[in-house]
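Letters A, B, C and D mark the chains in the order given here, with residues in each chain numbered from 1 onward.
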Amino acid sequence: MSEKKVRIGLLGTGRIGQVHAISIAENPNVELTYVADVFIEGAKKLAAQYGGKVTADPAEVFASGEVDAVVVASPTPTHVDLISAAIDAGVHVLCEKPIDLDIARVDSLRAKANAAKTIVALGFNRRFDQQFNEIHARVAAGEIGNLEQLTIISRDPGPAGKDYLEVSGGIFRDMTIHDFDMARFFVPEIVEVYAAGANTFSEDIKSLGDYDSAVVTLRGSKNELVSITNSRHAAYGYDQRLEAFGSKGALLATNVSPTTVKLYTNEIVEARKPYLELFLERYAFSYRRELALFIEGIQTGKNVNPTFEDGRAALVLADAATESAKTGKAVKVDLSK
Amino acid sequence: MSEKKVRIGLLGTGRIGQVHAISIAENPNVELTYVADVFIEGAKKLAAQYGGKVTADPAEVFASGEVDAVVVASPTPTHVDLISAAIDAGVHVLCEKPIDLDIARVDSLRAKANAAKTIVALGFNRRFDQQFNEIHARVAAGEIGNLEQLTIISRDPGPAGKDYLEVSGGIFRDMTIHDFDMARFFVPEIVEVYAAGANTFSEDIKSLGDYDSAVVTLRGSKNELVSITNSRHAAYGYDQRLEAFGSKGALLATNVSPTTVKLYTNEIVEARKPYLELFLERYAFSYRRELALFIEGIQTGKNVNPTFEDGRAALVLADAATESAKTGKAVKVDLSK
Amino acid sequence: MSEKKVRIGLLGTGRIGQVHAISIAENPNVELTYVADVFIEGAKKLAAQYGGKVTADPAEVFASGEVDAVVVASPTPTHVDLISAAIDAGVHVLCEKPIDLDIARVDSLRAKANAAKTIVALGFNRRFDQQFNEIHARVAAGEIGNLEQLTIISRDPGPAGKDYLEVSGGIFRDMTIHDFDMARFFVPEIVEVYAAGANTFSEDIKSLGDYDSAVVTLRGSKNELVSITNSRHAAYGYDQRLEAFGSKGALLATNVSPTTVKLYTNEIVEARKPYLELFLERYAFSYRRELALFIEGIQTGKNVNPTFEDGRAALVLADAATESAKTGKAVKVDLSK
Amino acid sequence: MSEKKVRIGLLGTGRIGQVHAISIAENPNVELTYVADVFIEGAKKLAAQYGGKVTADPAEVFASGEVDAVVVASPTPTHVDLISAAIDAGVHVLCEKPIDLDIARVDSLRAKANAAKTIVALGFNRRFDQQFNEIHARVAAGEIGNLEQLTIISRDPGPAGKDYLEVSGGIFRDMTIHDFDMARFFVPEIVEVYAAGANTFSEDIKSLGDYDSAVVTLRGSKNELVSITNSRHAAYGYDQRLEAFGSKGALLATNVSPTTVKLYTNEIVEARKPYLELFLERYAFSYRRELALFIEGIQTGKNVNPTFEDGRAALVLADAATESAKTGKAVKVDLSK
């Protein structure tokens, strides 16, 4: 790229903000010009390491005229306002999922977001994972014929703390939302959602009226069936698999292991060490790629990242799943409306 | 075993009948004394190879006093009457699944079957497959802690002919019924069924009002979630996998391959030949083991094979799935009633 | 086959004799007419189960006129005389490996064996193993281009008892001999042998002046290099792998597992149970196939089993390896002489 | 690390020099202060990207007083002089393998190198590969008991050009030298070398009197047997495997794949894309780790990288292999002398 560097403001310096800071630092086409966090110490620390001016107030970032784009990594309730402010300021925005936990708030921004002249991209990083991306490309290339079924198994190593879970919006809006977007990566037009939630191991989660375990069935407009299996824990590490089944065959992404080494003893053979524990490790590449493509989109004028509509669609599906899990009925959805 | 040989009458000499004939021939504790089939030529051919008297009329077998047990491998509509006749004759019976496609007919025999002094066993051979059996035993031994989720992927290499499909009772009663029984092997008390069916590739199946593809979610009484994925075709061969997920880990049965040989070229690596095509090959061991355990049950007086109630339960679940697929609602079931 | 049954005499009723008895019993084209063993109780027991007359004297078998073929499963020192007697009697013979531990004795029979009108087949059953056979066929079909390298890893679960080891002829003549034949299955014209033996774990074996561990390099006439790695023990079970490497790719046979089930815990993932322990289990199919092909050879007049020359070649290679291990020099061999 | 940055001079800016430049740039404890190459354009280009003064003369680097250490990535014939100059200048040195192709030249530097107060490290990066390193650590931790056998399979995707091959010193000094060092990583005291070379596919290599294919057997002082299999080509990509076999089990490193995605069709199942093609990709991590540990060694005063003696030992083994391949005799070596 011969274009001049894209000036970025990073809004939010928590765990995800730090991930983005690293991606920004590694990207030769980007300059970190601003770091904002109401927790000003966090902003100072990150700026000291990766550069940029510091502020506690995002408004200062938008007003500065020194950013071409912002990455929103602040708490969920701030997302709608920050996306809106970015659009007003004529600044591109990459916002972490979800847009909001309340579909009404999301819809209040919808028209504006879709009419924006600048890029409004949503951070569903898994689309950029090497494995899932490869399957997507090979399915698109017709390698397995017509896509008929998609099986997603997605289990976390262990649940987050109760504090986090309380404001998470429930398993479907917080965890499955990634799988809803993954489903839509392959089958954009989902028309029906059925979800079953269960409480199998966590009293904390149960006490919140939430589920620790779920199985979801989606139907696509071309009769594709998608099966999603979730659990908030998995003894053997982060369990992230995907299987695309088509008329001519299947493509399967197994878990990413930190090693190829296998152990053989008198008790077991072919045994590997458990899978990668943290989602930041597991999806390190996809976070970097997500930012790189966002920057590329700014420079070329062609955004390939998930859009505001993608972010909204995932929430619509999560809401439908939440309702279905309560009523025991499949819920029809029309994402085009 | 020092007991005298068990005298068997084989009723039905089609594809499955022939499988049982081989199991009988290989079992040193068994003697094939009668072979019955209205298609008398089939009976003659089998008897010539494996022994036994020949008749077109099963009643003759029961009246002969020369059988201790019968294996029912005749068409589904004959099953209820033959089980009933076996009970009346004081003869043990191993009947192929399903008992019947009509739950009313099944229920008409229920009290009698459950009160029978002789063994009434149902031919859900997959319980005896080495892989699934091993997982079951290891789950029971507590190796993965508390069972929380069960994932069954079951795809046929290709659909049967339209003639067969027309009288099959539909995908849930004909194909998924095996998976319902497998689910109950691990989670006997299923309380809820949701099913989504789809038409993805077969105009024949669609024209019958049936599905070629399905995803089913079951809930157990202890909040276990079971996910079943079915397709009537799979380019790469018979796809039969099972995954038991528990609080301490998981056990996974991958497909049985005819070979361990892997190919490495400039296009692909680690490639094996497609999986076993035919269910008779894939489940050859389990058919043999099923018969052996039936015989052992007769000799020891302790039946370990699936029972009439198991056969009924699978049909109840299939009926619930059929209803759910139509209504889009999860259907509650109480298998104990 | 519509030919009449081949009448077989089984000479020797030890462990291998019993294996052959089972293969004979399962083969519809064969009738076991005689069982001979100096340990007459062994012969009686086998005959009681599988049929045939009993004798302590093999000569009686040859004189009877009641056998078309014999299977020689008696101790190695008897092999040369029994093959010779079989030829004299005009009886086909399938003799267990090795022909003899003494190349002079083997050579004394060579001309006669090669001139025999009847089949003289050697029991290198591994050629009939499904995996190795498949690789051989695919190499022959040109799937990996020109064969350049062959890697054989062959480890026993544990060493035999000292009594057996004392008369075994040493690791190269007793254990590696199978691998020499396997090498020749792919590269018939071996021209050079280098062997390194080592004592790593067994004082018993060391005290016999034998090795418990060995690495052998063979060179074929077309510059193929063969690497053989042996150990008399392997904690994880019988380790039998083969890798054919060619100009266009490779074919690899991994170990045969009794199960596809994999365990996932917080300590390990993808772990299977150890491999099959006993060579009789591991090579059950190949023993059966070996006998079936011997019988087919008799019926069709076309022998496809390893020949007397194959048996001799393996011993020549074993002798060369024994010499090489002592001298530290590669030993040239000319198997055609 | 709170120590001040280590100032590095990079000598040589070819393919490997560029790899080291990246590792230097990524390491926060290092500053690139000088870049030297007689091909001055190469030096200029690298310095423009990664910093540092430029010179065509390494002597200027040593005289500058502005380097604490040098990385030698220039052609092999310059290595001995540059190591010597580094020692004279009191500068730490990480030198690419081999030290030299002529053992006499290596030995002329030996006493000086071993007496050096500064670190003289050799660039056998594979010791730092994640897989091989893990196996080494687990063997050291006793996980497989006593190490008895080591199997190394090492095949390049394709041969280098004839220009390179002409000055490479032959397969053993150029390619196998990595495997000799890997062998010594596990079995430092090698006492015997046997090598068989072969010409299977390359007329170019043959015309140079070199081999395109080799099998090597090493013996350790504790009777460990090491088997190395090499080829200058592999259709399926870079083939780098290692198997450590011990009294209690085995540890096996399979190839590193760029993807976990597997394809299933009617022709093949479980097929992955070919392995990583280039050694720079395959060993990217190990190159970075090698430099990081070299820097850490400088800062802590404790070198853990391979030493001059390790570099010499690998060449001694390569020479012994070259001799053995010609004479057909195992060659005794004493690396301690």
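Definition applied: a contact is a pair of C-beta atoms (placed from the backbone, for glycine too) under 8 Å apart; a residue touches a chain by one contact, two chains touch by 3 or more.
Keep in mind it's a predicted model, so treat the numbers as computed, not measured.
Can you list every chain in contact with both chain A and chain B?
For chain A paired with chain B, the chains in contact with each are C, D, in label order.
C-D versus A-D: which interface comes out with more C-beta contact pairs?
Answer to which pair has more contacts is C-D.
Would you kindly tell me how far, in whole Å, the mean C-alpha position of chain D lies from that of chain B?
Comparing mean C-alpha positions, chain D is 58 Å from chain B.
Indicate the whole-number Å distance between the mean C-alpha point of chain A and the mean C-alpha point of chain D.
41
Two or more other chains in contact with one residue: find those residues in chain D.
Those would be 144, 235-236, 248-250, 255, 262-266.
Going by the contact rule set out above, which residues of chain C touch chain A in the complex?
For chain C paired with chain A, touching residues are 235-237, 255, 257, 262-275.
Spell out the part of chain A that touches chain B in their complex, as residue ranges.
It is residues 144-146, 148-149, 151, 153, 155, 192, 194, 196, 198-201, 213-215, 217, 219, 223-227, 229, 231, 233-236, 245, 247-250, 328-330 of chain A that touch chain B.
Which positions of chain A touch chain D when the two form their complex?
For this pair, the touching residues of chain A are 130-131, 134-135, 138, 143-144, 248-256, 258-266.
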